[in-house]
Every structure is written in structure tokens, then in C-alpha cells.
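What follows are several structures.
Paired with subunit B in one complex and with subunit C in the other, subunit A is shared by the two complexes that follow.
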Partner chain A sequence: MLKILKYSFYDLIRSRWTYSYGGFYLLFTLSLLWLSNDLSKVVISLMNVVLLLCPLIATMFGVMYYYNSREFTELLLAQPVRRTSIFLGQYLGVASSLSASWVIGVGLPFALYGVFGSDQAGNFAMLLFVGVVLSFVFSAIAFYIALKNENRIKGFGLAILAWLFFAVIYDGLLLLSLSLLTEYPLEKFSLIASLLNPIDLSRILILLKLDVSALMGFTGAVFRKFLGTGFGMSIAFGVLLLWVVLPVFCIKRVAGKKDF
Partner chain B sequence: MFRWIFISTLILAGQAVILANTFRVCKACPAFSIKEAIKVAKSCDTIYVESGIYTEGNIVIDKELTLIGIGRPILDGEGKTEIITIAANHVHFEGFVIRNVGISYSQDRAGIRVKEASDFYVKNNRVENAFFGIYLQKSRNGTIEGNEMVGEAKDEVSSGNAIHLWYCDNVLIINNITYGHRDGIYLEFVNFSTVQGNHSERNVRYGLHFMFSNDDVYRGNTFLDNGAGVAVMYSRRIGMFSNVFQKNWGPAAYGLLLKEIHDSNIEGNTFQENTVGIFAETSNRIVYTKNNFIQNGWALKISGGCQQNNLLANNFLGNSFDLAVHSAGTDNLFDGNFWSDYAGYDLDKNGIGDVPHRPMKLFSYVVSNTPESLVLLRSLFVDILNFSEKVSPIFTPENVVDNKPLLKKFTIYD
Partner chain C sequence: MISIHLLQKSFGKNHVLKGVDLTFDQPGIVAVLGPNGSGKTTIIKSILGMVLPDEGTIKVQGEDIKGKWLYRNQIAYLPQIARFPENLTVAELLRMVKDLNTGKTHDEELIKLFGLETFLDKRLGNLSGGTRQKVNLVLTFMYDCPIIIMDEPTAGLDPISLVRLKELIHNQRLIGKTILITTHVMSLVEELADEVVFLLEGHIHFRGSLKKLEEMTGEANVEKATAKLLQPPS
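So, the complex of A and B:
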């Protein structure tokens, strides 16, 4: 598996897409830092970007890579290599190269502006972590969808739909149910509901790190109380981890059964 | 005739000055306790107290005296009693350090109490670790200047106010510094008074608190990191000018809390980084002009029952929410303000945007109905929601609109 991972990773690292993806973050972060010169504000602006772009790019890239490398996959399948190690290797290659682009693209400018000595180091670490996790989660979901669907158009459509669901539709449904159930105490409900969506969970983890949490009044206090404890934090990280493990497990299962 | 009266008054006054004695209190002086000096002294005398630590319990000043501390003498209450009680008119009290008053749940002990007196002058004292710092009751025409109150209040129940006024008229509170009490400055039934140039920081409840007080002015004060900056309740005709409200930040914190206050002016103040800049509840006929609202959670929350409030020429810069108005049928006016998220244009170049601005976003409306929906703050869905509402407003109140939004920040030079 490691060999395939290595191969996929090097293949992707050399590709134009990875360069332009990393280069985009590099330029974007540099220009933000250059314009505002305030680390905390840039962290906030990047938060909006990471929540939108990281999942979207990871989804697209995951689907694209799977379909593009199909012939090579078939070649590999003819060799005495375990199936799961082929697909997991490819998946990890995609996810890690995306994460590397993100970490280097955003990390370099921040390191240049001296984030590590400043009080923003914790927030920045959270931002990086969230970006990496989201890349892993959404490329796994994309891989799973691509594996399930031979039809490329259908696969792309479903992957985009999955991203749209987590990024927009889920929040819409949440807002709808919150406003319909407004007579009831909803703190626990909103807490659990936002734990279940990786994008929402990431957003709240970052929001709580930033000052804005006081804005959220009582709800924010509930969140802070929950996520402020070691127990709550480990649950949150556990759920994020689960969001990586679950699709990977599905990939493994489908890969084991699939006819080629 | 009048000239004679004038001259004889002058002569009398001169004699009074000449007749006034001075006393010194120190370890080696003839009078070595302050109480003794007060006992011996007559009206209009001056007592100089030299540096040292005096533990004399409660000292009552019941004559028209001037007490001046030289080299900051320390009056220590040892946590048992109130320390200074001023119970005469024309008392001048200056330059002391007063400490360790001690918490009491049965009486309002104070570092310095002014009791039914007029024309007092309390200046440049430092009060440390007191329950109440300076307590004025039923007093008038006095000045509290340049005092410093340092407390270590932990909760509202076991702490007193730094400067507390009860049934007072015409008092000037100027350039004082208060830290760590319940309220920095508390005014109850206080009329025609001025609070100016004070600094209130880290007080548990409010930086400045008005209750049932009319015709007062506060200007040029700084309120930093208090439970809430200023609370104005059940009062009329209060002028609030050029104050700074900063970092009053927490789940229930406000820069300025208005509750049942009418006919007042809020002008030239700066509200920066507060959870809520101004929270107004049943407050009518208030004019907000030339204020800066910078990076607050909510710049302005106006609840139902607020009528005929005018918001003119304010700057709203980078707040999470500029405005939350609870009821639709209000006749409040929002004109000629600068909104940092205004996206209109100005074709005729007169500095006023051609497209009206709606400061109340749909999400702001949603949040005021279901507070829990704040978990969706800064999510993509909410941005889409706000955008679509902006294009064709349906939910947000029709009349919450700025018809003359400014294109450039309002500055005091305009």
C-alpha cells in the first residue's frame, strides 16, 4: 500500500493541478496578509475560504483522480497486489497531496509573518488542522461515490450534490427545523446537529477559538461549555475522525466486492 | 449703601481667614490623632495630616474643615468599620489613602461617606479594598475629583460601588479612576449632575449606572471591560457625549444599556468590540448622532416599544450585525449613516448613495426569532440567504431603511 501511496503522491505532486491549488492558497494568503497585516483578521477570512474551498476542491479532485487513473488501476489490479491497498493507497495519495498544498500554501506566508511567536498560533493551528481534516473527509466521500458509479457524469453529479448537501442544504434544513421548533429548548439539538456535519463542526471549532463565541449568547455558552472541556473536545475530534474513517471503511468494502 | 455692605463683607471674610487656625497631625505633633484634631478645631480651620498609618476607626468630620494629607497618609479601617464620614457643609478632603473597609452584609460601609452635606470637595484620594468607595447620600453642590478606587470584587452580592450617589443634586464627578467594584459609578435619584473624564474598568456589573436620575450629563469617560459599560434606566434627559465603550464582551454584556429612558442625546461616542454596542428597550425620542460603532457583535439592538428614535450620521464599521430591530411597526428614523457593508453607488457624486440601504439582514431577523440559529453564523447558507433577501426584501421590516446612506465615513470635521 505504501508503494502505491508513494506513487500516487509523487504523481500528484508533479501535476499542474496540485501546483495551481497550492499556488492559489499561497497567493491568496500572501495578499490577505499584505493587505491587512493583522493575523487574526486573516485567520477569520481564511476560515470562510477553508470551509468552502477545501471540501469543494477535495470532492472534485477525488472524483477526477479516480476516473482519470482508471486504466492504471486496472493494470495494478492485474498484479498480485491486494485490492484494498490499491484503493486506499490512491485515496491517501490524493488526500495527502491536497493537504500538503493547503498546509504549504497557507503555512508559508503565515510563517513569514511570524505566526508561531504570536498569540494567534493556536487559532492558526486549528485552521490548518480543519483544512487537512476537511480535505481527508471529502476526498474519501468523493472516492466512495466514484467507486460506486461507473458512469462518470453520474459520479460527478453525485459528488457535487454531496458537497452541496454538507455545505448548504444541511444548514438550510437545520435552520428550518430550528425555526419550526422554536418553542422547545434547542441548545442540545443544535449542538448534536452541528456535530453531525463535518463542515459545521469545523466552523464552530474555529468560531469558538475566535472571539466571536460571545456573540452566540446562551447557545454559545452551551457550545463553549461542551467543547471547552477535554471530554467535549475529544468527542468533537472523535466525530471528525469518524468522518474520515467511515467513508474509508466504505471504500474498503466496495473495493473488495466490485467487479472490474 | 451696597458698596458699604460689599466692603464690610470683604472685611468679615478676611477676618475669618485670619482667624482660621491650622493643625498638624503626626506622631511628634501636639495633636497625634485626627479625631483629636477635629475635636479641637473650629469651623474653617485646616488640618494637615502627615504621612503614616492611622488606625482610628470611623472618623466623623462634623465641622466646616479642610483636611489635607501630606505625603499620602494611610487611614486603615482594618476591615472593621467605615472610615471617613463627612457630615458638615464646606468640607475639603484631599490627599489620603483609605484602605480595608471590610465587607458587610448589613450596612453599606464606605471608604468616604458624605452625609447630608453640601459644597464638599473630595480630591485626589486613593481608596483600596473598600466595600463602597465614596458614598454620597442626600448631598448637593459638591465635587469628587481625581480619586482612585481599587477593589477586587468577585461577584455582585459581596461588593459595593466605587462611587455611589443617592438622592444628590448638582454633583461634579470628574477624572476619577475605578477598578474592580460592583458598579464603577452609581447614580440613584441624582439630578443635574455631571460625570466627566472618568475611567471605569473591570467592574463586575456596570461601569456607570443611572437609576431614576434626570437631567444629567456624562462625557469623555472610558468604560473598558466591565460586565456592561453603562446602564441608563428609568431616566430622562440624559446627555451622553464623547465616551468610549470598549471590550464589554461576554454572553450578556452591553456597551450601553438603555431601559425606559426618554428624550436623551447620544453623540460622538465610540463603541468598539462590544458584544452588543447599544441595547435599547422601551426608550423613546433618543437622538443618536456621530457615533462610531466598530467591530461589535451587534452594533445596535432596538427592542419593541422604542419609538421616535433618530439615527443620523453614525459610522457602522465591520460589525457582525449592524442592526437588530424587533418589531416592524416602529417609527424610528435611520438616515445619513455610513454602513461599511453598503454596496450601492453614487452616480451624481454628492456623497450620498443612490440606492437605499437596508441595515437589517435577514439572518439578523432570523436570529432575533430563534437565538439558537446563531450556530449558523458565517456559514455559506446564511450568506446566500442574506443576499437573496437583500435583492428582494420580504421578511425584514420595510421601514428599517437608510434612504441617504453615506459613501464615506462621517468624520467630526464634516
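So, the complex of A and C:
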């Protein structure tokens, strides 16, 4: 698996897409830092971008890479390699090259700015971590969808739909149900609902770390109470990790049964 | 070497293989023929474990291949379409395949044979179709595998490379390998094949030497003979 990962990674870090993606983050972060001197504000601005962009690009990239490397996958399948190592290797290649673009693109300007000495180091680390996890989660979901669908158009459509669901529709439904059910105590419900969406979960983790949960009003207080504790924090991290493990497990299962 | 027993496979409603029994235990060149969609590629891919059969067993060198993967180092496979990761160079691809396999390689002789020296540092995405097929051939013949499987080996090759490929296949046969070829180029079959397997609608319609085919159909030309095989007996 490591060998496949290595070559997928080599292939990807030389692609124009990886560079433009990393370059975009680099320029964006530089301009944010240039415009504002408050590091925590920059982190919040970046958070809003990363919560939408990281999943979107990871989804697109995952689907694209899978479909583009189909014939190559066939070549690998004829080699004495375990089937699941091929797909996990390719997936990890995509996820890690995306993460590398993100970490370098955002990390470099911050490092130059001297974030590691400042009090914002922890917040910044959380931001980086969340971006990496989201890249892993959504490229896994994309890989799974692509594996399931032979038809490229359908695969692309479903992958975008998955992203749209987690990024936009889910929040809409959540807000709708909260406003319809205002008479009931909904703290637990909203807490669990947020845990079930990796994007929401990431947002909450960053906001709590930044200590601006007051912005979220009453629910913010509930989250603060729950996630502020060591127990809540470990649950949050555990669920986030589960969001990586679950699709990867599905990839493994489908890859073992598929005809090529 | 390879034995296939009652192999069945459907893709959705399309019942491609309906109980195929085949054994290849002699060294030599077998041409697997049949009209489009008769299941040639499906059989080949089943042997390689790329397609998972619904029913039936496949044994390679006496070992059931179900759930196994290491047996594939006994088989050299030339896929129909050669497409590789676009950003890797030819040399890197060769290094990768060497990384995944063990044993002695003949890549240098093969690169010389097909005149690929100048392409080694080029990215695979920038190569022409014929050159990619040559790279594909180098990958296939690089290792001394006792079994060679080729799916349309001549696609996109220029005449000189074609002659060299035929020599190469011939030499491999002389050292006692089992070689399976699927092709629609009948002159290749006439020139190389010891035996012909003719598939029709998921069954084996005919198996035997070229001579037997000639006797059965009364046609000396393989093209005409196979055409005759397709017609219902009058």
C-alpha cells in the first residue's frame, strides 16, 4: 500500500491542479494577513473559507482522480498487489497531496508572520488540523461514490450533491427543524445533529478553540458546556475520526467486491 | 497451468459467461477468438482476478485464485488500452512496476528493442498511442512469467515494432511459456497460434488446432473459417 501511495503522491504533487490549489491558499492567506493585523480574525476568515472550500475541492479531486486513473488501476490490478491496498493507497495519495497543498499554502504565510511564537499558535493549529481532516473525509466520500458509480456524470453529480448536502442543505434542515420545534428543549438534539455533520463539527471545534462561542448564542453555551470538558472534546475528535474511518471502510468493502 | 471450471459471470442482466470449461496445461500459443461481447476479455480478467466470477473455480498453477493476489506474479498481462498516470515519466513507471514485483528484469533489452531510449524521461501523458503501447509491451515482457496474457497486443503499433513483437512472442513460446492472445487480427492468429479457442455467446464453440479448424470448415483462411463457424450449419 505504501508503494502505491508513494507513486500516487508523486503523480499528484506534479499536477497543475495541486499547485494552483496550494497557490490559491497562499495568495489568499497572504492578502488576509496583509489586510488585517489581528491573527484571530484572519483565522476566522480562513475558517469560513476552509469549511466550504476544503470539502468541495477534496470531493472534486477525489472523483476526478479516481476516474482519470481507471486504466492505471487496471494495470495495478494485474500486478501482484492486494486489491484493497491499491485503492487505499490511491485514496491516501489524493488525501495527503490535498492536505499538503493546504498546510503549505496556509502554513507558510503564517509561519513567516511568526504565528508560532504568538498566543494564536493553538488556534492556528486547530485550523490546520480541521482542514486536513476535512480533506481526508471528503476525498474518502468522493472515492466511495466514484467506486460505486461506473458512470462518470452520475458519479460527479452524486459527489457534488454529497458536498452540497453537508455544506448547505444539512444546516438549512437543521435550522428549519429548530425553528419549527422551538417549544421543545432542543439542546441535545442540536448537539447530536451537529456531531453528525463533519463540517458543522469542524466549525464548532474552531469556534470553541477561539473562544468566540458566545457568537453562537444559547446553543453556543450548550456546546461550551459539553465540548469544553475533556469528555466532550474527546467525543468530538472521536466522531471526526469516525468520519474518516467510516468511508474508508466502505471503500475497502466495495473495492473487494467490484469487477473491473 | 490454468484450469477454469464451469465459470459463470453476468453483468446485470447480461449473462456473459455461461459455464466455461477451459484448461491450458501445455506450453504454446492459444488464440482466444470470438465476436465482440462474446466474453473474451471477461475470461482473461477473471483469470487475473479483476472480474470476480459468480460461479465456478479458476486455478492457476494448481492453486485456487479466489481471494489470492500473489499468484499474479506468475502472469504477465498486456491490457487492451494503455493509459498511465500522466505526470509520471516512463522511467518512473518502470521503477514502480519493479518496486511491486521481484525477480530478474529484462527491461533494458526491451527498451532497446522497441527504441524507447529517448522517451525514458518523457511524461507518459505526452506520449503517442503507439509509444504507450510499446511501454505497455516492455512492462509485460519485463519479467519471466510462465504465463503471458495479451489483450489485442498489436493495437497502434508500427510495422517494425509489429515484426519485433511477433519475434518476441515466438521466442517466449520457444522457452516453453503458455501464451494467451485475444485479437481480431486474423493474420496474427495464422502466423502464431498453435491452438484456437472460439467463444460464442458465453460458451466455447470450438477448440482445436488451426488444422482442425481448417478440416472442420473446409477453409484454409482463418478469417473465412471463423466466419463460417458463426453461421448455423446448413
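Keep this in mind: the second predicted complex is superposed on the first by the 256 of 260 C-alpha atoms of A that agree within 3 Å, B and C clash if a C-alpha of one lies under 4 Å from a C-alpha of the other, contacts with A are read in each partner's own complex, and residues count from 1 in each chain.
The working rule: contacts are C-beta pairs under 8 Å (C-beta built on N, C-alpha and C of every residue); 3 or more make two chains touch, one makes a residue touch a chain.
Because the structure is predicted, anything quoted here is derived from the model rather than measured.
Looking at the shared chain after the overlay, A:Val137 reaches neither subunit B nor subunit C. Applying the stated contact rule after C-alpha superposition, one finds that A:Asp200 touches subunit B and leaves subunit C untouched.
By the touch criterion stated above, A:Ala236 is placed in contact with neither subunit B nor subunit C. Residue contacts after overlaying the shared chain place A:Val50 against neither subunit B nor subunit C. In the overlay built on the shared chain, the residue A:Met64 is in contact with neither subunit B nor subunit C. In the superposition on chain A, A:Gly172 makes contact with subunit B only, not with subunit C. Residues common to the contacts of subunit A with subunit B and with subunit C across the two structures: none.
Within the complex, the subunit A residues that touch subunit B are 47-48, 51-52, 167-169, 171-172, 174-175, 178-179, 182, 186-187, 189-191, 194, 199-200, 203-204, 207, 211-212, 214-221, 223. Contact residues on subunit B toward subunit A in their complex (touch as defined above): 249-253, 273, 275, 297-298, 320, 366, 369-382, 384-385. Residues 3, 7-8, 10-12, 14-15, 68-72, 74-83, 257-260 of subunit A touch subunit C in their complex. Contact residues on subunit C toward subunit A in their complex (touch as defined above): 11, 45, 48-52, 69-73, 75, 77, 79, 81-88, 92, 96-97, 99-101, 139.
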